[in-house]
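Labels for the chains are A, B, C, D, E and F, by order of writing; each one numbers its residues from 1.
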Amino acid sequence: VQLTYALPSPAHMSPLGQQEVDRRAGLLTGWASPGTTVEMTTTHTGPASIESMYEEYLAIPALAESVLDGERRGADATIIGCFGDPGLDGVREVASRPVVGPAAASMALAATLGHRFSVVTVADSIRHPLRRLAFDTGVEAALSSVRAVNLTVLAINGDHDSAYAALAAECKRCLADDDADTLVLGCMSMGFLGAAERLTGELGVPVVNPVRAAVHLAETLHHMGLAPSRRAFPPPPKVTAGTAVADLLLTADPHPTP
Amino acid sequence: VQLTYALPSPAHMSPLGQQEVDRRAGLLTGWASPGTTVEMTTTHTGPASIESMYEEYLAIPALAESVLDGERRGADATIIGCFGDPGLDGVREVASRPVVGPAAASMALAATLGHRFSVVTVADSIRHPLRRLAFDTGVEAALSSVRAVNLTVLAINGDHDSAYAALAAECKRCLADDDADTLVLGCMSMGFLGAAERLTGELGVPVVNPVRAAVHLAETLHHMGLAPSRRAFPPPPKVTAGTAVADLLLTADPHPTP
Amino acid sequence: VQLTYALPSPAHMSPLGQQEVDRRAGLLTGWASPGTTVEMTTTHTGPASIESMYEEYLAIPALAESVLDGERRGADATIIGCFGDPGLDGVREVASRPVVGPAAASMALAATLGHRFSVVTVADSIRHPLRRLAFDTGVEAALSSVRAVNLTVLAINGDHDSAYAALAAECKRCLADDDADTLVLGCMSMGFLGAAERLTGELGVPVVNPVRAAVHLAETLHHMGLAPSRRAFPPPPKVTAGTAVADLLLTADPHPTP
Amino acid sequence: VQLTYALPSPAHMSPLGQQEVDRRAGLLTGWASPGTTVEMTTTHTGPASIESMYEEYLAIPALAESVLDGERRGADATIIGCFGDPGLDGVREVASRPVVGPAAASMALAATLGHRFSVVTVADSIRHPLRRLAFDTGVEAALSSVRAVNLTVLAINGDHDSAYAALAAECKRCLADDDADTLVLGCMSMGFLGAAERLTGELGVPVVNPVRAAVHLAETLHHMGLAPSRRAFPPPPKVTAGTAVADLLLTADPHPTP
Amino acid sequence: VQLTYALPSPAHMSPLGQQEVDRRAGLLTGWASPGTTVEMTTTHTGPASIESMYEEYLAIPALAESVLDGERRGADATIIGCFGDPGLDGVREVASRPVVGPAAASMALAATLGHRFSVVTVADSIRHPLRRLAFDTGVEAALSSVRAVNLTVLAINGDHDSAYAALAAECKRCLADDDADTLVLGCMSMGFLGAAERLTGELGVPVVNPVRAAVHLAETLHHMGLAPSRRAFPPPPKVTAGTAVADLLLTADPHPTP
Amino acid sequence: VQLTYALPSPAHMSPLGQQEVDRRAGLLTGWASPGTTVEMTTTHTGPASIESMYEEYLAIPALAESVLDGERRGADATIIGCFGDPGLDGVREVASRPVVGPAAASMALAATLGHRFSVVTVADSIRHPLRRLAFDTGVEAALSSVRAVNLTVLAINGDHDSAYAALAAECKRCLADDDADTLVLGCMSMGFLGAAERLTGELGVPVVNPVRAAVHLAETLHHMGLAPSRRAFPPPPKVTAGTAVADLLLTADPHPTP
C-alpha cells in the first residue's frame, strides 16, 4: 500500500523545520504495516501550524492540491496530516482514492474500545470544532469531553517534557472528572512524540495515537477495497458537467485590458 | 447601521454578472430598515458559485480578506453572502465587528415560528453540510428535513419560473411528508428571487428568506450592542501573541536564493 | 410598527406598582427602533408576579384576553411580558397577528452568537420549565445550563445592587463551570434593570436582554411579513367550526333556575 | 385508597352530559383494584372539552381548585381527567398529595412493554403538546410517532363505531409505517369507550388505556408511600413565605373607591 | 394475581443463604396488594451474585428455565429478581405471560415523579449496563446519573448500617451535584433492606424501591390485561417453525460413537 | 498476529456443517493481512445459530470459555464470530487480550466512510438489539436504519442466489428511502458469501463486510498496542478478590449428601 501523509502547511519552512518533518516521516514508516510505504508531503503555502479555524481555512486550498498531486504520483490513499481533518469532506469530493482524517479515524477507533472517550487537544479554541468532528463522524454520543493543554504547537514541539506533563494532567482530569474510559490525543504533534504509547502504559487506559489510527484505517480501506461514499461526498456539479477541478477557481485579472 | 454583504466569489466576473450583483444590491437596500445602508462586495478570486464543500473551502480565504476590508471601510457588521455560512467561525475569529451567517440567522428565526422547520436548498451534496450548520447553531432538534431541488445556481438564476416550480414542489413535500410547519430557503439566489414571500402566501406557512433574516439579525445585534462571543470565536493564538492576521499565511519562495 | 407588550399580571396593583410599569414602558420606547411604538398593558386579574408554574397558569386566561384586546386596538404584534412565555402556544392559536415570547426570542438569538448558552433566572423552581422552553424552541442542544439567583421578583426590584451582584455571580459560574460562551437573562425584571448591557461589558461575553430580543424579533417579523406557523398553532377546532373565542369558556350558573 | 378523578371542565353541562359523566364514574370504580374508591369531579367553569392549548389553559385554574377541594374531602391521590395532563406541574406545586397525569402514566407504562410506542390522539393540533409531554416525562426517545384521528371529542362520543374505525386505522398506520410495537390511546374518551382493550385483542400489540394506567399508577404510589418530588415541583415561593394559595390571584377592583 | 419472583442464582446455596431468601419472600408477600401471592424461586446453577456482565450472562440460561417452570406452575407474571434485568428481552421471547424487569419498572416509575432521576447501584462496573437499560427502556433523557457505592452484594447484606450510610452518601451526591430530583435504588438487596423507604423520609425526595415497583407493575399489567409486545419480543424463528424451546440448545456428545 | 475467530455455537454439528466451517476458515486466512493467522473455533454447546436474543444468551457461557481457551493457546486477539457481538462486554471483563465484536467494528468503520449508514440483517427480531449495539458503540447518531431480509441463517446459506437478491433489495431500500450513504451487512454468513464486495460494486456505495472489518480492527489493535479499556470492562469484583473465573458458576449438587 502506498500512502501519502499530507501536511496542511509548509512545515519545512516553519519553525518546525525540515528536520522534524524528516523525523516524523521516519516514524510513519516504522508504524505502518509491512508492505506499506508512506510519503510525507508539505504545501507551498499555508499557515505555520493550525491553531484556529481561520488558519485551518487558509490551509485547505493548497492542501487539496497536494492531495491530488500525491494521487497523481500513485498514492493508494491519503492521510490528512492534521487532527482537525481540515477540508476532509471537500477533498474527498475531488479525490479519486480514499482520504482519511485522523480525528475521524481515532474517534471511531476509540468508540470500539470503551463506553466514553475524551479528546485532549492543544487549545480551547478548537474544542468546539472537535465536537463538530465528532458530530460529523456520528460518534458524539460517545464523546465524554474535549480538554486542552493550551500550549502552542511550537511549545509542544519545543519542550517535550513539560508538554507531556501538561498532557498527562489533562488526561487524568478526563478520567477523574469526565467519566471517560478511553482517550484520544487531539494533535498530531503529540502523536509523533510517542505520548500516546507512554500514557497508555502510565494511565492504564487505551490512549489512541491519531497518526497510527489514520495509517491503519487507510490500510484497512485499501485491503477491503472500500472508499468513502460517493453519495456522501459527490463531485462538484460543475466537475460532473465537465469543468476541471483546477478550473473551479476564478481569479480577476489584476490588469484587465481596458 | 452600515452593513457589508460579502459575496464569497468574484460573482461579477461569473456568469451571474455585474448586472445581477447590482440588482441584488438594490433589493438589499430596499429590505433593510430605515437608516441601514448595505454595501455589496465581491472577491478578487474564488469559485463562480458554491455548490460543493470543495468550492466553499476555495472561497474562504479571499472572503475573509473582503470582510476585513469592509470593516476597514467602516462596516458595523458583515453578512456572509452565501447560505452555507462559509468560514463563519474562522472569519469571526479575526473580525472586529459582528459577522452574521444567513443559515444560522434564518434557522434560528424559523425555530421561533413553529415546532419543526425544513430547509430547501439547491443540491443534495450540501444536505449534510446544512445539517452540520443546524448542529453548529444548536437547532438540529427543530430541523425536520433538508431537501434539494438539484438545480445548479446558474439554472436557478437562468429560468426563474421553473426554478420556482421546482422549489414549490420540494416545499410541499416538506409539509406533506416531513411534518414541517415552517420552511427556510437554503440558497441566497432563491432569496433574491422573491420566492420566500410568494411561497409564504401560497403555502400558508412562514417561508424564511435568508437574505432578509441575516440583514435584520445584523441590525438587531447592532441595536443591542451584541457581538458573537469571543469565548466561542477567540482570535488565533499567534495573533494574540502579536502576529498580524495577514502574516498568518506563509508562502514558500518559488525562487529561493541558493 | 405598533407593538403591545402584554404584562401577564395586574402589575400596577402589585407591589411593583404603576411607577415601575411606567418606567419600563419608557425603556421599551427607547429600545425600539425608530418608527416602532410600544404599548404596555396589564391584566385585570392575575398573580402579582410569576415565580411558579401554578402562578403562570393562573395568569394565562386574562393575558390572552389582553393580547386580543391589543390586537383590536391595532397592534401589529404582541410581546408576552414574562420570560416564561406563558401560554405562548395557546395565545398564538387565537391571535390574528404575531405573538412573540421573550424566552424563545432570546434563546434563538443566543444560539446565533456562540456554541453554548446558559440562562440565569430567578428561582430554581422554573429551571425545568425553562429547559422545556428550550425544547419547545428546538435549541436544547445549545443550552448549556440554567442557573437561578433564587431571589423573588420583588427582591430583585427592591435592591438592585445586591440583585446585580447575585446575578453576576451566577453568570460567572455558567462561564467557569458549565462551558457556556453566551448568556441569557431569564427574567424580564433583570432586563429592565439594564443588567444585560452592564454584564456584557464586564464579563466579555454577549449577555442577551430578553426584553430587547423580543422587541427586535417582533419588528423583524413585521418587516419580513412573517407570522408564527398556522400549522404549528392552528385555531381551536370549535373556533374553526364557528364558536367565538370568547364563548369557549362555559360557566355553570351559580343560581340555576329550578 | 380514595382517588379523585378530576375532569378539567364542567362536562356535566356540556354536550357530553351528566349521564356520560356517571357512566364513566361507574367504569372507573370497576377498573380500580379492590379497596379503591374513585370520586369523579367536574369544575364550575372551563371549556366544554380540550382540543387546543388555548382551551387547556382556560381549564387549569378551576381544575386546580377542584383538585384542592378533593384533597380537602380526603383524596389520597388525584388523577387529572384529561390526556394532555393540563397543569400537572402547577397543580403538583400546590397539592398536598400525589397528582397523576394520564399521559405521563401511560407513556411510562408503554415504555416498559416494548421498544417504541406511538400515541393516537384526537387532533393534529395537539401532536406537538403530546411530544412535549413525552419530553417532560423523559420518554421521548421511545416515542415513535403521534398520530391523530382528527375527530372532535364530541364526534368520538357521538358515533362510537366510526370513531373506533378511525382509531383502528391510525393504530395500524403506527405499526405499519412508524415502526411502533406498542400503542397508547391519547384521549380519555377513547379510554372510556373500551377501545384499548378491543384493539389490544385485534392488533396483537399492547394498547394502553390511559384511564386505567393512571388509576393503577395512583394506587402504586399510595401503596409505595411515594409522591411527586418536591424538588421538581416546589411550592410557589410566595406560599412558602406565607401567602395562601387562594390569595395568589389578585383581581383589580372593577369599581375602585376614588 | 400469582407472581413468581425469579432469583437468577442459586442464592440459597450462596453466602446469602436460605434464611435470607425466606426473609425476602416474606417481605414480598407483605408488599404485594391484597389478593397477590408471590413465589420466590432460585436456580440450580448460576453465580452467587451478579456484580459483572460476565456473571449476568452466566445466570441467564438457568434463569430462563426457572421462569418457564414458574409459568408451568401457574404464574400470571414473573419478576426478574435482579436489578440488571438479566436476559429480560430473551426471556420475554420464550415466556407465555408478562415478565417484568425491576430496572425498567423502577426507572419508568421514577420518570413520572420528577424531571431527572439518578440510580445508585453497587459497583462502578455496572454503571454503563444500567445506562444501557435506561436506553432500552427509552428513559435515558430523564437519567441524571448512575452512581455506585462500590460495595459487594455480600458486604451490603453483611453490614446493613455501613451499607445504608454509603448509600445515603451517594444519594446525597446525586441531589447536590447531579441535579437529580428523584432516586432509584439500583440493587434488589438494597430494596429488601428497607433503605428506599427510610431514604425517602430522610432526603425529602422519592426514592424508588425496585422490588416494590416491579411487583406493582406486574399487578398493573395483570389487571389491565396487558403483556410485553410480541412485535418487540417475538418468539425465536426456530420456535415459530416448530422447535421446542428446550431443543434450541445443541450439545456435542462428549463420547461420540465412533 | 495470531487471531481466534470464535463461533458462538457448535456450528460443525449444526446444519451448517464442518465443511462450511472449513470454507470460512479458508476465507479468513485469505482476507487477513500477511503475517496474520486465524484459528476458527466452535463451542461444545450452544444454539445451531443465533436468530433471537434468547439464543444469544444461550450461547454466551460456552463462547466465553472458548475465548479463554483460545487465549491459553496463544491468541493475540479474539473475534466474536457473530454480528450480534454476543457477550462482548462480559467476555472482555474476563479475557486477557483484546476481544473484537464485528458489529462494533463494522459500524465504527462505516461511520468514517459517510454521514449515515444502514445495517441490513437477517430478521426483524434483532433490529432493536442492533440499535442497542449502535448505542453501545456510541454511533447511534450515524445509524440511518436497520432493515432485515427476514430469512433464516439456514436459508441464507442454503440458497445463495435468492439470499443475495433479498439482500440487494433491502440495501436499495436503505439508499432510496432511509437516506443512507453507506451500508453494513449485519450477518456474518452474508459476509462469508462475498456479498459485501459484490454489492459495493453494484450499488456504488461502500458496503462493509463485518468479517473483514473485525479482522482488520484486531490487527490494528495489536499493531498499536491497544486493548479495550479496563475502566469500561473491569474484571468481576470476585475475581479481583481471588476467585478463579471458572469458579464463578455455582451448581447445586443434584444428589446432596444428607
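Before moving on, here are some points about what is shown:
The working rule: a residue touches a chain if its C-beta (ideal position, glycine included) is under 8 Å from a C-beta of that chain, and two chains touch if they have at least 3 such contacts.
Since this is a predicted model, take the numbers as computed values, not measurements.
Distance from the centre of chain D peaks at A, each centre being the average of the chain's Cα atoms. The interface formed by E-F recurs in A-B: of the pairs listed in A-F, B-C or A-B, only this one shares over half of its residue-numbered contact pairs with it. Look at the CA centroids: the one farthest from the centroid of chain B belongs to E. Each chain gets a centre from the mean of its Cα atoms; for chain D and chain F, those two points are 46 Å apart. A straight line joining the Cα centres of chain A and chain D is 54 Å long. Rounded to whole angstrom units, the spacing between the C-alpha centres of chain D and chain E is 30. Counting only residues that touch two or more partner chains, chain C has 115, 128, 135-136, 232-233. The touching residues of chain E, when paired with chain F in their complex, are 9-10, 13-14, 44-48, 51-58, 60-61, 64, 87, 89-91, 93-94, 123-125, 128-129, 132, 135-136, 152, 232-238, 241, 245, 248-252, 254.
Per the touch definition, chain D reaches chain E in the complex via residues 31, 33-35, 100-101, 104-105, 108-109, 111-116, 135-143, 175, 181-182, 197, 200, 204-206, 208-209, 212-213, 216-217, 219-220, 223-233.
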